[in-house]
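Okay, got some structures for you below.
The same chain A turns up in both complexes below, where it pairs with chain B and then with chain C.
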Partner chain A sequence: MSTAYQFYVSTLLVFWGVNTIAAWGLNLQFGISGVMNFAYIVFQAAGAYTAAVLTLGPASPNGYQHYVGGATLPFPLPLIAATAVGALLAVPIGLIGLRRLRSDYQAMIFLVIALIATDLAESQSGLVNGTSGLFQIPQPLASQLNLSSIGYQWFYVGLAAAICLLVYAVVHRVTGSPLGRSLRAMRDSPEAAAAVGKDVARLRMLVFVLGGGMAGLSGGLLAEYISAWAPGSWLYPETFVYLAAVIIGGRGNNFGVMVGALLVPGFGEVTRFFPHLVDPQISAALEWMGIGAFMLVFLWFWPRGIFPERRRRFAPTEPPLPRAEAAARVPGR
Partner chain B sequence: MHLLIPTIGFGLVTASILAIASVGFTLQFAITNILNLAYANVMTSSAFVAYEANRNGIGIWYCIALGGLFGALFSMLLNRFVFTPFIRRGTRAVGAVIVSIAVGLLVLYGVVIIWSPNYVSYQGTAGRSVHIGSMIFTVTQLGIIGVAVASMLLVHILLAYTKLGKAMRATAMNPPLARASGISTDRVVDLTWLISGALCGIAGVVFGMNVISFTPFTEQDFLIVIVAAAVLGGIGRPYGAMLGALTIGLATELSALVFNPAYKEIIAFIILAVVLLVRPQGILSGGLSKEEATA
Partner chain C sequence: MTQARASSPLLMVRDLGRDFGGVRAVDGASFAVYGNQITGLIGPNGAGKSTALAIIAGALPPSRGSILFEGMEIAGQPVHKLARRGIVRTFQLPKAFERLTVLENLLAASPRQRGESLLGSLAGKRWWQAQERDMVRRARDLLDRFELSHHEEEYGGNLSGGQKRLLEIARALMADPRLLVLDEPFAGINPQLAKRIGGYLEDLRGQGVTMLMVEHEMAAVERLCDSLVVMAQGRVIAQGSVREVRSRQEVRDAYLTG
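Take a look at the complex of A and B:
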């Protein structure tokens, strides 16, 4: 493989890894639990900014980038912090958005939160350098490893793959456990889930925090890779890319969502092979229209996606757990 | 403090645009039970249709009517050919919101492809300024306030004094009962999308006139303010939306006296968040209120 192709393929693989992590997080919230978080991209952005600021070092007052809380932390720490910030941010946003409102009101409030977050990042230029965003973010371990640029590409592919495995372990543990069953019950009928003693508000907040952490981690991984992060990278329709990945892949199906995370952003890559046909502004607009159109087509013809969620059957003989025990089981698993 | 009175003037202009937009938004929800988040994008498309007419020499005031007409037809067609079929298929609440955002992306980027993502302005919006007390308005701004007052009066007359208004209120309260009483709810829904779409289109054009120059993306942030006004007034209540628009319009402009004007939308959002945290029942009770329904 020529160097250029190696570069191209490895970049696509890293993006696939990042998108898979993010799409799994959204799948946990929307696909498994039925909580539609249109502000999802904000959590990814928060993670990306956190990782960036924690590797860039303290901002110098007369430098060209202005931001708060700069530090130079060694490799895994910025990503861990990105995860933590994504998860913590879920608490206040969840408190505003996850009130006992109808699901479509919730979706509307989250969309408004996404718009306002972009506004805030752009107008508060001292926070994360306004519209220009952060750039020249050092890549993790780049100086210690001393690899060729292609070698580093493949190192990052391995890093992304390892983190994907780690996240998959968490996701699989949640969705395959009794907790996952409670979450799907809540998605299918919140009232029925509440009636059998599930604390719906608490479950919602739990997936909100878990998904937020995963979004934050994906953001940190992405920003450290592309070395830059600006409000233009996380406008509200970006959430829609992940939502399209979840719906087209198959909501509730972790494998399907992984395939969706390859297909949906990959669709944009197709236009790259015809650069002579359209100018870049138009092709970006066509990409967004394509995502909107794909969404409508899938929602109409295949609302369960390419890989529909496996139907689960349970033997009806198992006696119900006593209330106290059932309640004790929910948060831990 | 010498800025206070003129700022109230600006607040009235913002409130006027917002009232047109949020009454249309809340009407769509009240009668068809769809939260149409493509609303701001339909506003944008109407503003650009009006821009095309304006560029070809049609006077700006006729363009408002044209934008309203386009918004009305476009909204009705969207409902007929996209929203209603999905609802008939059993698309649930959050599914309908996803559909509306997908439609919004198609509309927004369709406008970008047709008219480019660059700034455009209307011709003929410049005019002399008028002093009313210590408030200063341009002729355009006074016109915008006039359009808003006229629209609100028409909405009021429609809802309170016409048979269609009564049918709309009945459909909002209880669609099966309305059908059982001989109201053709499909026709009412079509007419509602025409009326709310007209408000949406008019709002899009007057917004463009007020900001002087705009891109296809400018009106997107206005959705924050529209939602804030509609939720503050109790979503689904047209009179509440008018009151919400007045409050939010004045509050955002007056806040610019104290804070950076870039925070206008953020102030609207803080009001929205406080309403959601303190009085979520305002938003929980959808539909027209009891007094309005029995009027």
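Take a look at the complex of A and C:
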């Protein structure tokens, strides 16, 4: 493989890893639990900024970048902090947005929060350097490893893969457990779930925090890789890319969502291959139209996605009780 | 019946009130539900039955009044807390967990699951699967009883209206109810199924499950209920056995003038 190709493929793989982590988090919220979080991208941005300012070091007063809370922390700490900030940010936003039971109101509240967050980051130039965003973020372990640039690319692919595995272990255990079942029950009918003892507000907050942490982690991983992060990369429509990945891949199915996280952003890559045909601005617009059309087609014809949520089957229980004995048992005692 | 009456009631509703704007949907209702009985809550449309039921189940906070359940004040507590205390309701339009299988619908209702907390779920299968097996067994017993066993792997959303109603009752039982609150269990189902459901409810009473039931189907009410509470215009106008209540002039007036 030529160096250019290696560079291209490894970049795609890192992006796939980042998108997979983010899509898993959104799947936990939307696909499994029915929480319509249109502010999802804000959590990714928060993680990205956190990781950035914690590796950039303190901002110099005469420098060209202005931001708060600069520090130089060693490798895994900025990513851990990014996860924590995403999760912690979910608490106040969740308290505002999750109070109402109806999910359509929630969706609107979250959309507004996403708009406010972009506005805030862009207009307060001292916060995270305004519209220019942060750049020249040092890549993790780059100076210690002393690899060739291609070597470092593949190192980052490995890092992203390892973090994906870790996140998968968490989402797999949550979705496959009785907790996951309660979350899906809540998604299907919050009223009925409450009527059998589920604390719906608490469960929603739980997935909000978990998903927020995953979004933050994905943001940190992305910002440290591309070494830059600006409000232009996290406008509210970006949430719809992840939403499309979840819907097209198969909401409620972690494997499907991983495939969706490859297909949907990969769509943009396809348009990149015919840049000579159209004006680059039109090609960007085409990408959005393509994602929108793609999503609509799926919602019409395959609303469950490419890999629909798995039907859970249970092994026979031994020994089955004889009918008479079963009927004689007092229920619920 | 008279013996059961002598014991203290399981549920005691006193001067319950609920306003919607200027409308007093429930206006000082008082009644009692005794253990091991089926109590029917009846009355003309707009009498406040459904509102009273929603308040008892925790879906609506009362504007005033008190509700004692097993001697404890519970008025205004949220639905899930009441469910954990043992007040479990069904809905007028059955609400199945549509994308959960029939068996999972029951499992989801099981209380105190080890794998239901975040840490419990992260601990992995070995932490919760023994309990899960017991739960599956119990859920299958219930499905068998409600003749839903052959639909075990079907999605809740694919069941017929009548089957959903059966599923909802089975699911409620899985949640360990001490008081089962049924919101029109006979509405909109065919006579054979109504008969089956009636039979199940009688069996449940025989096993010591207390029920409070809002119902319009008077034939079913008269056949099943040990005790009736009649509401009209937000107030309780009569409480007693079916025979006692039927003889009361104000009950006839309320139904005739509606």
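Here, the second predicted complex is superposed on the first by the 311 of 333 C-alpha atoms of A that agree within 3 Å, B and C clash if a C-alpha of one lies under 4 Å from a C-alpha of the other, contacts with A are read in each partner's own complex, and residues count from 1 in each chain.
Convention: contacts are C-beta pairs under 8 Å (C-beta built on N, C-alpha and C of every residue); 3 or more make two chains touch, one makes a residue touch a chain.
For clarity, every value in this text was computed on a predicted model and none was experimentally measured.
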**OP:** Could you look at A:296 and tell me whether it touches chain B, chain C, both or neither (first, second, both, neither)?
**Re:** first
Original post:
Looking at the overlay, what does A:285 touch: chain B (first), chain C (second), both, or neither?
Top reply: first
**OP:** Mind working out whether A:189 is in touch with chain B, chain C, both or neither, as first, second, both or neither?
**Re:** second
**OP:** Go through the superposed model and pick first if A:83 touches only chain B, second if only chain C, both, or neither.
**Re:** neither
**OP:** For A:180, decide between first (touching chain B), second (touching chain C), both and neither.
**Re:** second
Subject >> Which superposed partner A:311 touches (first chain B, second chain C, both, neither) >> reply: second
Original post:
Which positions of chain A touch chain C when the two form their complex?
Top reply: 170, 173-174, 176-182, 184-185, 187-189, 191-200, 206, 210, 252, 309, 311-314, 317, 320-321, 323, 326-327, 329-333
Original post:
Hey, which residues of chain B end up touching chain A in the complex?
Top reply: 35, 37, 82, 85-86, 89, 91-99, 101-106, 108-110, 112-113, 116-117, 220-221, 223-224, 227-228, 235, 260, 262-263, 265-266, 269, 272-273, 276-277, 280, 283-284, 286
**OP:** Can you check the complex and tell me which residues of chain A touch chain B?
**Re:** 34, 36, 38, 95-96, 99-109, 111-113, 115-116, 119-120, 123, 237, 240, 243, 247, 281-282, 285-286, 288-289, 291-293, 295-296, 299-300, 303
**OP:** Enumerate the contact residues on chain C facing chain A in the complex.
**Re:** 57, 59, 78-80, 83-84, 88-91, 95-101, 103-105, 107-109, 111, 113-118, 120-122, 124-125, 128, 132-133, 136-137, 140-142, 144-145, 153, 155-157, 168, 171-178, 203-204, 207-209
